[in-house]
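Note that the chains take the letters A, B, C and D in the order they are written out, and that residue 1 is the start of every chain.
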């Protein structure tokens, strides 16, 4: 069981939304728990956000950390292309549409990053049952 | 036809004193009472009863008009507004005599064109030709919408009377594209209505951008034919002028098939203007003395004007139109869709008078007489209207000229039989009027609502309109014009 | 704020006699004068001064209302029309007491949908949710236009008061989409206005298709806030529902980048509507209690419903849209285009509230107080309006909640600062802010709609005397005893 | 100088309009003068029109056609326009059966007809000055 801090800026809110849909899922927990890394994510044209994995907590900070374990930079529309399977993440990296620093050769890191970020955003984007009516029943 | 009840308008003051006052207000050179000058204002092309005005005045500013209205109101003298006398309904025939105010001569300035909020602030005398020329030269990226009328016809009159134009399928009745008015009411007060209503005296020219959202006083002057006050300024909406324009001609076989064609194409919401005319009207343009339809010829031709900002947008619209026509033909209609410019060039360029508006349709105006039944119509009744009216034309063996439009993306339609005739040929006028009356009765029964209505027509309508409406109408007229000085006789006032 | 001068409305007849007359007309189940019943009608979410009505009646037929109007006119008793009380301007607060006519309960039928001429004939009590449901179930190819309001608010009231909808950029003010009215005037006269005006006693259902071309009596009831008569039927235009919908999200990083964009996209005539909000509103949407904008976040976000008949048409529109943005960015703006459905799914589905109308923005209603300055605005003043109001917000330490629109192919705009507040603690602060904003906006030419009387008092000082006296003349002609919603526009 | 009968029905009006365009032009007169042939032109969807070339006259008929017709030409309105606006070459049109001709063997007649009619039609279509404004000056 993970707990994810509820943020209050646009981008962190999106990440919160993406993660929390999986926060009880075993596979996700396995990757995110005790990863203890700081991932700096810069979704253009917005601002950098650092996601801090600490034990079973995930926090967001609206700033660049001095030396994060990873730096990821991509445009919001690239993100949406990946999330909706219009663009293969690896091609995105090849074509320089998604720039990742600090990936290194650490295959575990790659696996975790891929699962926590890419898979999660794809699941959020493609989950058919999560629709607005489900969420906002009370307001309709 | 209703007799205009003559009233003695010089009980309170002698004609001479009126003349004296008028010369005092407008100066001698802008006032006349010579029957030679008055005569042309006493009639129009229609069969409506002529009547001489007593004076013509040519105003150049609102102060003069305020003085005039106060004077006329205290002496019960009729005031009839006049621009160019091109209406087809006897609307400016001074049925009770009085003073005819000719705005066309001096109060005809284009006061402001607002490039950003896309409107033009006009004096009542501005003509379509004038406005078009002005925009083409100074604001080529903006356009106004033009009626099936001569370039020397007035813009403001057409707008205030819900006239037609060549953007009708997009924007609907002109009543919806008036942004503001300056009016003089019976007590000689001057009011600015619409978003221009801020400001004690003058309103800045960039403030005439909308009719709403304050209490809608403008309605009191729309379609009232000058019965509630004198309009001295009017702001009308302009539209972005897209670079790509093309007109398609739908040739439709079968008497009533055109109705469904217009409805379906109208709903697609991609056409600026849809108008349809009997084949005889097309042939009239080629100046055949008595155009008749031969077997094998189509019954109607419908014109669709499309405009677009980009090639892709144009192609997309074209595709939608083609699909629509294809569907119609699948449903058993017989429609041939051709590029109007190409076709007309081979057929006969005179037909362009229906495409390039405003324009003079010579064969229509070269006759001494011209009259019509012009009405807003329920689009689901078009078939019935065409059939019944066509029968009537044939019965009187007069060539059927029918002109139709689809308005505001198919929300309603226009149905307009037109007749040209020779005024001076013995019995001709009576013959045509009899047909016109029969057509009027049929159309009104089917729910058509005539616009720019002559008095004899409003009298028929009054018999059908709910009493509550009539009461409210009379109440407002009385409130706005207790002495009935503003264009008396209109709507049988 | 203007204080309402009281008047004794029971001079000519005793309250008890009024009550028994009402019972006679409406039956005991549909008349009340009990405080507990009256209380909810005495106030709305705004700061406008509450005032108790003396009676609530629930009509079900125009015959009852004709009798009511004749009676009230004879004894000069105020009549206040009411549908659901969702307006944000104290429009149905009975400033002088009298009788509140609640149309919402029984006069709420959808009388006719005309498939061919595309209109709906409605009783005053019909709500947006109701109309939408009815169309989706029976005429899926037709649509109405919906405001940024709860599904339980009234359609007719919104149309008669030039309200906003999600077709604003295409069709403009709702006033242009009214085809006809049935009204009861002060003398108990029942009038049908518009193309439905033929027919001595009743009109055919298929005859409510246009407002023109007869003398336009409809204007007498538009934006008059019930001051000229009681509307008992209203026909509104419907539109064809286009099969392809692709809402777009636009984010604006420069404070005033929004302004030129609204003007350009407006005249390009490719979007159904533009709903542009301060980013704070978008954050409030997803439940941030006290949203503030952080550096790096855009100042404004705009949601644009776009619809088309074919893929090609949609792509053509999107092409034009991105050309506009490219052109503007070359000139120095910082504007970005994003597919809204995709973004919302990633960001937070609650954001779709702004697109799927009608909808209730909980976070807007969860406060006890809600008020606004809603105005039609000159689009060339947008920059100035944004900058000046922004300064005022900061001065008062309140996050900016602005809501802008472009109307009718770019012919005019909408500028609408909104405030939610805790009625019992910070109302005075908000009212001060609201008044300052109102003054600035009016000076820049904004024209407020659905106006509370304290606002019309300000307007009257600026309006040309000719207009005022024409207005008074018409009001007096239509309602000599001032019984119809007295107090509106300071009558 | 060739005299051309005034048309009173759509198709005849069109043919007249086209042929009149060159009625004072030397080459045209030489072609037509004393050609004395009868050509039946049918626009599919409309009706046939007989064009009678008689010494210095061109006349039209839309019913009770002569027994002896020298040439029968049939085409759809779109073919008609394509030929006029040079989007379709007449020979191709014939081969594609878009332009149906009875009397193909009378090559002489056919070629002459093409010179007289198709060529003129193209001239009308491509004449830049031949526009409404020039034409109806007095009414603008």
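We take it that contacts are C-beta pairs under 8 Å (C-beta built on N, C-alpha and C of every residue); 3 or more make two chains touch, one makes a residue touch a chain.
Computed from a predicted structure; not experimentally measured.
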Whole-Å gap between the CA centroids of chain A and chain B: 63
Centroid distance [mean C-alpha coordinates] between chain C and chain B, Å: 33
Chain B and chain D: spacing of chain centres that average the CA atoms, whole Å: 41
Interface hub residues of chain B, defined as touching at least two other chains: none
Set of chain D residues in contact with two or more other chains: none
Numbers and ranges of chain A residues touching at least 2 other chains: none
Graph class of chain-chain contacts, one of line, ring, star, complete, other: line
All pairs of touching chains, each written as two labels joined by a dash: A-C, B-C, B-D
Complex interface listing, chain A residues touching chain C: 8-10, 13-14, 17-18, 45-47, 62, 76-77, 79-80, 83-84, 121, 124-125, 130-132, 135-136, 138-140
Of chain B, residues touching chain C in the complex: 116-119, 161-162, 172-173, 175-176, 179, 185, 189-193, 195, 197-201, 203, 206-207, 209-220, 222-225, 227, 237, 239-240, 263, 267-270, 308-310, 312-313, 315-317, 319-320, 376, 378-380, 407-412, 444, 447, 449-452, 461, 464-469, 471-473, 475-476, 479-480, 491
Partner chain B, residues of chain D touching it in the complex: 6, 8-10, 13-14, 17-18, 45-47, 62, 77-78, 80-81, 84-85, 121, 124-125, 130-133, 135-136, 139-140
Touching residues on chain C, where the partner in the complex is chain A: 129, 151, 251, 253, 279, 282-283, 286, 288, 291-292, 294-298, 334, 336, 338-339, 342-350, 352-353, 356, 359-362
Touch list for chain C against partner chain B, complex: 116-119, 161-162, 173, 175-176, 179, 185, 187, 189-193, 195, 197-201, 203-204, 206-207, 209-220, 222-225, 227, 237, 239-240, 263, 267-269, 308-310, 312-313, 315-317, 319-320, 323, 376, 378-380, 408-412, 442, 445, 447-450, 459, 462-467, 469-471, 473-474, 477-478, 489
